[in-house]
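Below, chain A partners chain B and then partners chain C, in two separate complexes.
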Partner chain A sequence: MTATMQPESEAAEAPRRGGRTPVAGQKTRPRGRGLEFGHWWWALPGIALVFAIHYVATGIGGFFAFTNWTGIGAFKITGWANFEAIFKDPTKLGALSNTLFLAFGSVLLGNIAGLLIALGLNRVLKTRYILRTLFFMPVVLSPLATAYIWKYIFDFDGPLNAFLTAIGAGDQTKPWLADPQWAIWTVLVVLVWSSTGFAMVIFMAGLAGVPAEVEEAAAIDGANLWQRFRNVTLPAIRPAVAIATTLGIVQGLRVFDPIMALTAGGPAGATETLATQVYKQAFALGNFGGGAALALVLAAIILIFAVIQQRLTRSNPED
Partner chain B sequence: MGRITSSDAWLSQTPVKLMSGIGKTYVLFLHISCILVSDRGHGSRIFSTMKSERLDMTQHRRSTGLKVIGVLAVPTIAALALTGCSSSAGSTSSSGGSKEFSLSFATSNTIESPFKVLAENYMKSHSDVKITFNPQPNDSYDQTLRTQLQAGNASDVVVTSPGSGTGRSILPLAEAGFLEPLDNAAKELLPEGSASTFGSDGKVYGQATEITVAALVANETAAQAAGGFPADFSSLQQQCKDLEPSGKSLFALAGAAPPNTGLMAMSLAASRVYAEDPKWNDKRAATETTFAASDGWKSALEAVNTLKDAGCFQKGAAGGGFDAITKGLASGTSLSGFIPAPSWKQLESAGGGSKFAVRPLPAESSSKSYVFASANYAFSINAASKNKDAAKAFLDWAAEPEQTKAFAEIDGALPVTGLDKYDFEGSAYKNVGDLIKDGKYGPLPNIQWPNSAVYDALATGVQGIITGQKSPDQVLQAMDAAWGQ
Partner chain C sequence: MFRYTKLTLLREVGLWALALLFLAPFYFLVTTALKPDNELFTTSALAPPKSPDFSNFIDVLTATGNSNVVTGLINSVIITAGSILGLIALGSVTGYVISRSTRRWSKGAYYLFLVAIILPGQLGAVPLYMGARALGLTGSAWGLIVLYTGMLLPLSIFLYANFFRGLGTEYEEAATIDGASKSQIFSKVVFPMMAPATGTVTIFAGLIVWNDFFTSLIFLGGSDNQTLPVAMYYYIGSLVSQWNSIFAIVIVSMVPILALFLFAQKRFIQGFSGGLKG
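This part shows the complex of A and B:
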């Protein structure tokens, strides 16, 4: 990830550097001050590509939200009809509530678990480096591949039901991913499992910045473990909390492949989310306009929650 | 799909300077790499303090405006990328003589595609012809085909489906001008009553390749051991109850794979709706009737509950995938499954020594027996093809009686011509032979439905009936709503 981001950040920095020393740069160049490098227009190819690939494509996708295009052939501009259809359709509203449930559920549980693990593995434990790697593993592994492994675990003939039968709880066996009550919780377990490692690493990064001296001083002043966490550690890692929850919510709202692999939105729409609906409408059911409209709605929802979340967890200036 | 969801790709797509959140992530990732890779303990306090300062900087010094733009840009791009066009990966063999062309078809398993075998036979008998194969995985075939047709780089000959129910369906593709009208050879192969699904205004855009029966595929060996296959619907329920204690089931159902639940519901509707009224779809299209108002459809979906209550499905059927059918039928723990008839051949060749055959779903009375048999796949020619002559020569050759017969044999299906002289007795189709000879068959209903949402509503609805989430009436209403979309 760093490798792909670095060039862009440099490219974006170029205008400022170029703008700062326009005159001096031109005068001194013949004398060979080699490192006076870069002009803002050098970034133009990159900017043009980003514009063409992201913003133009995104804009065209947004435009189709107002048409009845089926993905092929001619289309008509239908105004807000696609959006009206979305808010009248109980399936879409169910998908919306599932999306929010999964996003907030996975952020809450994933962050609590991540924070606990990060605190536990922060200092004392000898095996912490191995454990950190193990806990981070789910983030690195392909979500699609791990989802299929989970699907096997939750299968009716899978290990979970075999285990339940073995311990004498055979009456609790069920097709977990096809049970209308349990399917969404099963999906939540998988999402929490995969998001915990990411939260853990962010919290660990935050905890590394908490000076041990301050904690020691608090301990000498008689603060107990909870007070030290509440009044010293937690304020110090507030930026990490902000990042972990923001990224978690954005990720949780647009999660797609684990759900597609685990349940494909089933049973009968019980685990349908906005992202799986976008895919189904646009690509499986040939309702490209409806899919694009749903994607816009999803974007708006992510935007709203990201802004709210940013405001809530913003550090106080005096911190 | 991967492009949308992989967080790496998602992050790399965004202009960094705008993204306050991403900026923070970047700093954090430097940190993460330290934590995961190096064993630095608490030695380099300076390092970590420096990092946390940078963290704070990104937190404080960015203006709110930039933050909002950043927050706004990420989700917009991420969500709208979902609707972006996927890249095309096809090729046209525009160069070379007229003896060269390309062929696109869908592949769904490791067994060699019958389309490929047919084309290879063509190359063998026509040594001057060169065919380029463009196989696509079945689950992405529709989308790839549409993208390639729009980009102008689809194969010269493409495999399509009649009707308008799927992404590869002939009618919408022809209407958008992507398919070349075909000549008499294709018209002669039109199965009876299917003309409206192969084109409009007297033009035909697809050449039928085979007749696919959609009914039950039964493990005959296992059925013999269980005392034979039931003859009508009430003895079927009894047999379900008899089989259940032994851990076996009459049907293997992929409850979590909607196409399978949909096929089961249509099979139940065969004797209840289409045996009495083969033109029911036309009436629905003319809004003379609706699904919800049809007693036949209602009884078909209520029969799903009857089958469930009688224990006709394997345990955990609601969560089963297609592997549950393959496993159940091959091992004989399930006697039959609602799968396309040509699968009998693949199941038999998968080993296990069991015999497989095609059977109609037992009806309430034998006089009501009815099966679906229609041409579900067709050859079409890309309207933008530069090798139309070579493509047409291939289609003419494929329309010859020997070739249609050979193709059906390769795939385990029925030939598109010469059905009246077909030897049903000696084939896997002997149980449906009389129905087909008596004309008690019709096209798969969803081929004639106006869009794929109707079938989707049926298929996911039946899953809901099995799990108890939906009633037959709700499902039928959803199908009516989807019809009008």
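This part shows the complex of A and C:
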């Protein structure tokens, strides 16, 4: 990484370039002469495949959002009826608020935990790489396997209640996953557990781009720990924050596998999210039109938050 | 100034305590899987087994039909490897062309891929399934490879394109002057330079495809030819609160990916953090 005394601009740039010389390819390239390298038609197979699998399929699905199609047989075009039904249905509105709660809750807690661990591991620790590996382990597990493990931990006969009994808090034991008030918090714990390691490595990479000299200089000038973090470290890792939170929100809004394996949306819809509702409507309840309409709403929400998130955390608007 | 002090030691010990707490689920996973049936409800959930028993694992490895884990393992390896190859081949070429082109359409194509990353898959799932069935792609490893390649291609192209944006064109210019053709430049000069991006794509796509459950559940449609997560799902579907048996198959299903991660953890973590900087 290039050592620099201007953390606001240059150091923020350094981790983005991954340590390569920041010669922007776009600037050295002769403009206006069309393609210099490779043939344009090399891109055709990729564009065609993405177009077919993402846009054509989604477009057809989007069309059915305005119909009463059941998934097979004939259908009628019903206009906005499916969307009106969504905003009148308390289950769907509950799913919407659960989705937002889980997405923002897991991003917030996962990133704070990831950042604190990354800061803790940042310098001079002897075993930092072993610790990093350990904290990262949950990230490589399948959401399904993760959910089964936690399902047992929260089981009535499981370790959490056994632990509470052992420390003399036996009156606090409950069937966590079957408790309408607590079920959503158990889902949140699982999401945070499996995403913390991911946020941690992004922050560690960002922190590695902050030169030790700058921090030292700030410390010599009398900045305390918080001031050093706020004014030196944080500006330098802004790109890392932007990436980690944007990805976390997009992932969090479409969360599906862990919920299906943990609670299947229960008890009584307490952990229902938009993604589980889309699946149930379209695939289990034979209401493909309604499911498609809900998926369209979900897509719009994801798009809106992804754009807002990018705008808020972007450090360099020209990029 | 950043020397190893007593405070650092305290920080190190504290983080180890936190790490052990963080990984406690793995403790329950292993101890429970080793418990024989009669200990499952008689011993505390916190205690290790009195007489460890491997019969749960033998049951898992010898299961037949749609929960055959050996078939599942082979299918998962074939499908994951095939998808990775497809994503590297198509992703590298497409990412290269759209990031090096100065024409207007290349910017449009870039956004086409960017938006495709965000679209939720469920909306297209039913039309996709009907299309795949019409083309005879359901129920086979080939179909899933094509499908996963298409589904993850936007991400792969995005990672490659971002990589090229930070890379100068000097090598390609030099090769052009030396008289290399466009395809020679790509295969001999550009592709080897992309190794870090290829590593990131391999790890990301490999992890997503290997762990994916929903797509293979739908597109392999109930046959005995399943991927590992689906085999696990069917196996567990027949068990109620038999946590020792459930955890035996959970362990069997996670051992390959966990072993690969611990073996190549540096590359894994570099791939993750390196690919996401742009």
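One rule holds in what follows: the second predicted complex is superposed on the first by the 278 of 319 C-alpha atoms of A that agree within 3 Å, B and C clash if a C-alpha of one lies under 4 Å from a C-alpha of the other, contacts with A are read in each partner's own complex, and residues count from 1 in each chain.
Throughout what follows, a residue touches a chain if its C-beta (ideal position, glycine included) is under 8 Å from a C-beta of that chain, and two chains touch if they have at least 3 such contacts.
Please read these numbers as outputs of a predicted model, since none were measured by experiment.
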Quick one: classify A:L134 as touching chain B (first), chain C (second), both or neither. second
Between chain B (first) and chain C (second), which does A:P211 come into contact with in this model arrangement: first, second, both, or neither? first
Tell me which partner A:D157 touches in the superposition: chain B (first), chain C (second), both or neither. both
Tell me which partner A:I259 touches in the superposition: chain B (first), chain C (second), both or neither. neither
Does the superposition put A:P267 against chain B (first), chain C (second), both, or neither? first
Go through the superposed model and pick first if A:A74 touches only chain B, second if only chain C, both, or neither. first
Partner chain(s) touched by A:L109 [first = chain B, second = chain C, both, neither]: neither
Of the partners chain B and chain C, which touch A:W176 in the superposed model: first, second, both, neither? first
Who does A:N287 touch here: chain B (first), chain C (second), both, or neither? first
The shared contact residues of chain A with chain B and chain C are 50, 54, 57-58, 61-62, 64, 71, 123, 129, 132-133, 136, 143-144, 155, 157, 201-202, 204-205, 212, 239-240, 243, 247, 250, 254, 256-257, 275, 278-279, 282-283, 288, 291-292, 295-296, 298-299, 302-303, 306
For chain A, which residues count as touching chain B in their complex? 1-2, 4-5, 8-9, 12-13, 50, 54, 57-58, 61-62, 64, 70-74, 123, 129, 132-133, 136, 143-144, 154-157, 174-180, 201-202, 204-206, 208-209, 211-212, 239-240, 242-243, 246-247, 250-251, 253-257, 260, 263-270, 275, 278-280, 282-288, 291-292, 295-296, 298-299, 302-303, 306-307, 310, 314-315, 317
Touching residues on chain C, where the partner in the complex is chain A: 1-4, 8, 11-12, 14-16, 18-19, 22-26, 28-29, 32, 41, 44-46, 90-91, 93-94, 96-103, 105-106, 109, 112-113, 115-128, 131, 147, 149-151, 153-154, 157, 164-169, 172, 182, 185-186, 190, 196, 207, 210-214, 229, 232-233, 236, 241, 243, 246-247, 250, 253-254, 257-258, 261-262, 265-266, 268-269, 272-274, 276-278
Using the touch definition from the top, list the residues of chain A that touch chain C in their complex. 15-18, 20-26, 28-29, 31-40, 42-43, 45-47, 49-58, 60-62, 64-65, 71, 117, 120-121, 123-127, 129, 131-137, 139-145, 148-150, 152-153, 155, 157-159, 161-163, 166, 193, 196, 198, 201-202, 204-205, 212, 216, 219, 239-240, 243-244, 247, 250, 254, 256-257, 275, 278-279, 282-283, 288, 291-292, 295-296, 298-299, 302-303, 306
As the complex stands, chain B meets chain A at residues 1-2, 4-5, 7-8, 11-17, 21-22, 24-26, 28-36, 39, 42, 45, 48-49, 51-52, 55-56, 59-60, 67-68, 71-72, 74-85, 143, 146, 149-150, 167, 172-173, 175-178, 255-256, 258, 315-320, 451-453, 456, 460-461, 463-464, 466-470, 485
